[in-house]
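Structures incoming, each one as structure tokens.
Look for subunit A in each of the two complexes below; its partner is subunit B in the first and subunit C in the second.
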Partner chain A sequence: MIENTSPRAAVPSGGRARPSAARLRLQALSATAASVPITLFGLALVTFLIGRVVPIDPVLAIVGDRAPQDVVERARLELGLDQPLYVQFWHFLGQILRGDLGRSVMTSNPVTQDIARFFPATFELATFAILIAVLIGVPLGVWAATRQGRWVDQAVRLFCLAGHSLPVFVLGLVSLLLFYATLEIAPGPGRQGLYFEGLVDERTGILTLDALLAGDMPAFRDALWHLAQPAGVLAFFSLAYIARMTRAFMLAELKSEYVTAARAKGLSGLRIVWGHAFRNTAVPLVTVLAMTYAGLLEGAVLTETIFSWPGLGQYLTVSLLNADMNAVLGATLVVGLIYVVLNLLADLLYRLLDPRVK
Partner chain B sequence: MLNRRSLLLASAAAATLPAALKGAAAQTPRDVLVFAKQIDDIITLDPHEAFEYTASEIAANVYQKLVTTPNSNPAQITGELAEKWEVSDNNTTFTFTLRQGPKFASGQPVTAEDVAFSLSRAVLLNKAPAFIINQFGFTKENVAERIRATDARTVVLKTAEATSPSFLLYCLSAAVGSVVEKAAVMARAQGDDLGNGWLKQNSAGSGSYAVRQWKASESAILEANPHAVQAPQVKRIILRHVADPSAQLLGLTKGDYDIARNLGADQIKQLQGNPAYTVQSARKASLLYLSLNQKNPNLARPEVRQAIKLAIDYAGIQKAIVPTTYAVQQAFLPAGLPGALTDTPFQHNIAEAKALMAKAGLADGFEVSFDYSSPAPFSDIAQAVQANLAEIGIRLRMLPGEQRAVITKTRARTHDIAMVRWGSDYFDPHSNAEAFSINTDNSDTARARTLAWRASWEIPELSARTVAALKETDPARRSEMYLQLQKDHQQSSPFVMMLQEIEIAVSRAGVKGFDMGPMNDRHFYTHITKA
Partner chain C sequence: MSETSTRAWLLSDTPGSRAQARWGRRYQLWLAFRRNWLAVAGLAIVLLMLAMALAAPLLATQDPGVQNLANRLAPPSAAHWLGTDELGRDTWSRLVHGGRVTLGMVVAVVILVAPLGLVVGCVAGYAGGLWDRVLMRVTDVFLAFPRLILALAFVAAMKPGVESAVIAIALTAWPPYARLARAETLTIRNTDYIAAVRMTGASPWRIIWKHVAPMCLPSLTVRVTLDMSSIILTAAGLGFLGLGAQPPIPEWGTMIATARRFILEQWWVPVIPGIAIFLASLAFNLLGDGLRDVLDPKQR
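Our next item is the complex of A and B:
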């Protein structure tokens, strides 16, 4: 797997006439661009079908359990549920192409509006978490790889194993118990303290940013303080994966001939590791980071639940429990779009990071 | 199905509790009260639109109604905005005279025009709770004529037909009967929305509090209404959304929250008796029952229905599975609602149940499907029911599912036995009586799919008696009619009424006065004090 994701694998074997670099670039970009609508179409189809095969009457969620039968039937007709499945799907596709994800039954708002309201909290949490995870996970992975088999390596592996195998809700609750209840160095659940409730005007929905924009430094510090713990828990989970992958990529590079050659030339260990080997792990590492970030952006349901974080994960879960299919479909499509966009960004970053791809 | 809350609770409670119970470190300010509650059910704060638990509770504290019922004596109707009311001889015209004194949070006095506007607004908006008002014959077309302010302190309501005064008054005491300030609401109206867009997030009431801010799935903040007739002691109420019960418990013990509203049964059990906390409870108007589909020939036999009612160990289930969160209730009206019957004639009696099965010619029993909602504690209750019925030879094919999937099946009448929850819509016996004991058209194309219809139970005689009770104008006689209806229903119906939900709130020591009622629009904050 490591070899497949390595840029080395992308080097074409010789013997045949090579297409021009411009043509290769164009082909790669077209292939990537073409995959986006296909992926989204597949996602829309699967989520739509799941929404239709669950044994819950979607009309029930809209008109309620108490509605008389004529009201139920009228709602069924209005929703087009009497139409064949392919017609319903065709209408659904037309609707999402117009940027209309429908109206949430639960909140009675357009789903796009709901997502715009809940996504900033998730974005804030995920971005902070990925920053922590990268800043700690990557150096940890590199460190472990340079000391393969020694106690540092074993300790990092144990740390990664714990981070990767411990359920995130256990981590969250243990963290609350330790840092909030026992040591009293972290705040309780929620995005802000009691004294700051309602003080910061919502502009972007990202509380730390809103507090900064308002020039309210105490509110900013409070928001950051509240953000640290859930982001730390999420980061622990993610950094274990990032450190493990970084270690694996680095090990592959450190065994390469060019590293032996660099050592023979007498280059310093620091320069070999960071200046040569690490630079070559950048491309596969970008994929790992992009996908980890996408995973965090889809909303960490359990972390959001434990820390009362009003994000996309909670919205999606509550919608699912209320059979609010428009909201579920809409949020799922947005999550899919996040994956596709981050994948695309990772592809574009390859071109920046690896001169051979250019 | 994985229930995230119970999963979290079960996994964490044991680990977190001992350290958590050590005691509070921080304190919330004396004039601020913080509830830890699951408030992600709020979708709107407009009292003429909201029908969800938390929004109804907020409406109860932000708005006043013409009349109300004290939780200490729910059957007694008292005036809130109304000083007195008169009913015409033919029981179609209700004249309310308003008190002098109530003021909106803006400082403006509450007038008859505000009351007439508010009730009409509920009809014109025609949102989820509108049917509570509309059932008196008010429509968009006639409301201007039938709900009128005749002077600054007099409001006249004209119903379409003779109406039981207690029925109308109980319905007016629901959150949908809240009075909003006409001028404040209409100043923010967009198009023909009657201020609905603005009132979703704000308030214009004369209750003890006013909405300062609501952030979905995050928090709701209420500030004391400076012009309230009864000035609350606590100046600010914060309802913080804390989804996880373990996190609610931690915050309560740390002093970050004053009252936790969604603790699990195990947590409550451990806090009971601890002097640092006060556990208070109120019976909710929510019932758990079995629906026996009469399309199944075995279940249609009266002896079998009776045998099932006798085979279930109600007290055992309550004590072993839901000791703090449910109580035994065997009538279709939940305790706490006017006219509720609290007799429990059915006790676990296998010998008698077996005799009835033999009398029905089914001594060897039979097999039927059993649909139930899968999360705890319903799965545990379902298993207990399965074990109880196995004792008399009834073999249940267990079909756990999502609650809405179970309801979908009962609405299609494709179940045999289903275990379902039912919450009353408003504070009057008719809310449940209509559901459980009216079914005059048992055809598959019937318009009204009451719970009796869903059990395929055709009851022309009982339906007529239920309608007669609805129309009875003498309150004492009406109450008596409902008692008799419940007694007969209890014995003959294909419903095995089992349990009634109990709502629990745990307060820190020194926090007193949270007044809980059987419905969410009867939870009051006005008298809360903090030591």
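Our next item is the complex of A and C:
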């Protein structure tokens, strides 16, 4: 099965009619898509195994450690913990496929419901962060590439290295100190001001969008104001990466012959850079963006802790500190799933957009 | 041997022995590396920090665990160079001792992970076939998690602490090395010199160990150095979330976590360990960048 789906198998084996480019691309796409179930299976297995090595007894976590012996035994049987590991894993897989991630001990809600409630906040934060990162990072990278070796380039390089090296939680704390406490231009932690809490109907869970849908401009401005600081902090790391990659892609393009030709034709520098060279970096950049977006999930855990942002990351850490294993594993699995999907998307986009990839 | 003749011996175009050729090559790499002042600065900071961590008991002005509640959250002064923390402990002493923990964690992770990635990658790349597919699938699964999230889940399953943090980070850190080593092996596998070694009857293990793995080392070294900064950030992040080293152990991330609530009033207490993390991470990045230019020019 796997052999047929490996990219190597997609190469024509000397048949009479050569498969069309479109068909080749389709085969490559299906090869990528076929690897996903295996990865997801592994994801579930790793999560399951982590859940099994926990020193916390899941039975005692539910019935309490003062429960009589027969209650403990009954709960153990109900949870299926007397079964061999592979049977337990089989049940676990079935549960996941049914969308059942168990019940959180802490909130006593189903974990899926909790995640659905906390996810929009993380989505809002990460999306806003990537917007900031692209809007600043891409021009910065292009600028550095056009001035290769000059002081601008060096400054951008140092800036990127600093972005890679600065822990997001330190940046968050310093940002709070500077913008909130000293300059008093940013609001404190949280998603909205006290006054606005509960004023806007929750439809998508994305506060800025909800406020817009309700046509409540003051609430929108408040939500945006609260969003700006954590998103900016979260964006910093990705910004550095995006700028660095943009620079590298642009350098490769600027050295190519069509740029020399365009120069010889007398096109303006602006047109060569943005109209010709930059357009050719778009494809690899899209891939980088999808991967960066996935990486933001990681930064979100720390950023949300600093800014008391009620998202998936905070849910994960709070559950962790309360030893709420169902919630931890559920959140880990969901984050892993999003990560896989985004990486797949990056791969697919690359194959679809770049005609040279076969 | 005088200095000029050492230099001539090192730079000789016709080395008389293997050792001379080897040292000559190293010297040339050093000359190339030296031209990049940022990389040299990175190396200097890394060496300085390692030296400080090793000599921590000598450099610390006080016992890092001694509390003095009467003098808590003090600003930097002559008695306490970097001030004191929320329990009146000397921040400078805790910082140098914390370097032992944080940098020690990084070194431990690298020692665990780099050989593992190298072996997995070389075996997968050289053996090919089923081995390759199975090993790379396993690698993909671990790559499918964001590093910090997987580490978090692992630490949650074990007990929070330095050892579990090291194991958790190691578990999430090896796949990129395996990928890299495999890619290198694939290009080496079909070269003539490997064919020649094979023809002399060398066993696959000998070929991998003696002829393939050494060729993977330069790019792996670059990757490990660049990765050290992200390992530092993950270790500190775990500490910050309360899942790495546990108080009262002085670890940089943990120090920030416990002093976090004083950011608005006594900002230096959490910011100083933050600067230490930043510097260490930046130094490894600068060093890695410089090493890449020297060892692995095709990756630029």
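Just so it is clear, the second predicted complex is superposed on the first by the 320 of 358 C-alpha atoms of A that agree within 3 Å, B and C clash if a C-alpha of one lies under 4 Å from a C-alpha of the other, contacts with A are read in each partner's own complex, and residues count from 1 in each chain.
Just so we're on the same page, a residue touches a chain if its C-beta (ideal position, glycine included) is under 8 Å from a C-beta of that chain, and two chains touch if they have at least 3 such contacts.
What you see is a predicted model, and the numbers here were worked out from it, not measured in a lab.
In the superposed model, A:S175 lies in contact with neither subunit B nor subunit C. Of the two partner chains placed by the overlay, neither subunit B nor subunit C lies in contact with A:T292.
In the superposed model, A:S308 makes contact with subunit B only, not with subunit C. In the superposed pair of complexes, A:T281 makes contact with neither subunit B nor subunit C. After overlaying the two complexes on the shared chain, residue contacts for A:G42 are found with subunit C alone; subunit B is out of touch. Residue contacts after overlaying the shared chain place A:F118 against subunit B, while subunit C stays out of touching range. Of the two partner chains placed by superposition, only subunit B is touched by A:R191; subunit C is not. By the touch criterion defined above, A:S238 reaches neither subunit B nor subunit C. With the contact threshold set out at the top, residues 54-55, 167, 169-170, 173-174, 176-177, 180-181, 301-302, 305, 317, 323 of subunit A are in contact with subunit B in one structure and with subunit C in the other. Within the complex formed with subunit A, the residues of subunit C that make contact are 38, 133, 137-138, 140-142, 144-150, 152-159, 229, 233, 236-237, 240-243, 253, 256, 260, 263-264, 267, 270-271, 274-275, 277-278, 281-282, 284-286, 289. Taken together, the subunit A residues at the contact with subunit C in this complex read 2, 6, 35, 38-39, 42-43, 45-47, 50-51, 53-55, 158, 161-162, 164-170, 173-174, 176-177, 180-181, 294-295, 297-298, 301-302, 305, 316-317, 320-321, 323, 325, 328-329, 332, 335-336, 339-340, 343.
Of all the residues in subunit A, the ones that touch subunit B in their complex are 54-57, 60-61, 64-66, 68-70, 106-108, 117-118, 167, 169-170, 173-174, 176-177, 180-182, 184, 188-191, 194, 197-198, 202, 301-302, 305-308, 310, 314-315, 317-318, 323. Residues 4-5, 7-8, 11-12, 15-16, 19-20, 25, 28-29, 32, 34, 40, 43-44, 128, 131, 212-213, 215-219, 221, 238, 240-244, 246-247, 250-251, 253-254, 256, 401-402, 404-405, 407-409, 411, 425, 445-449 of subunit B are the ones touching subunit A in the complex.
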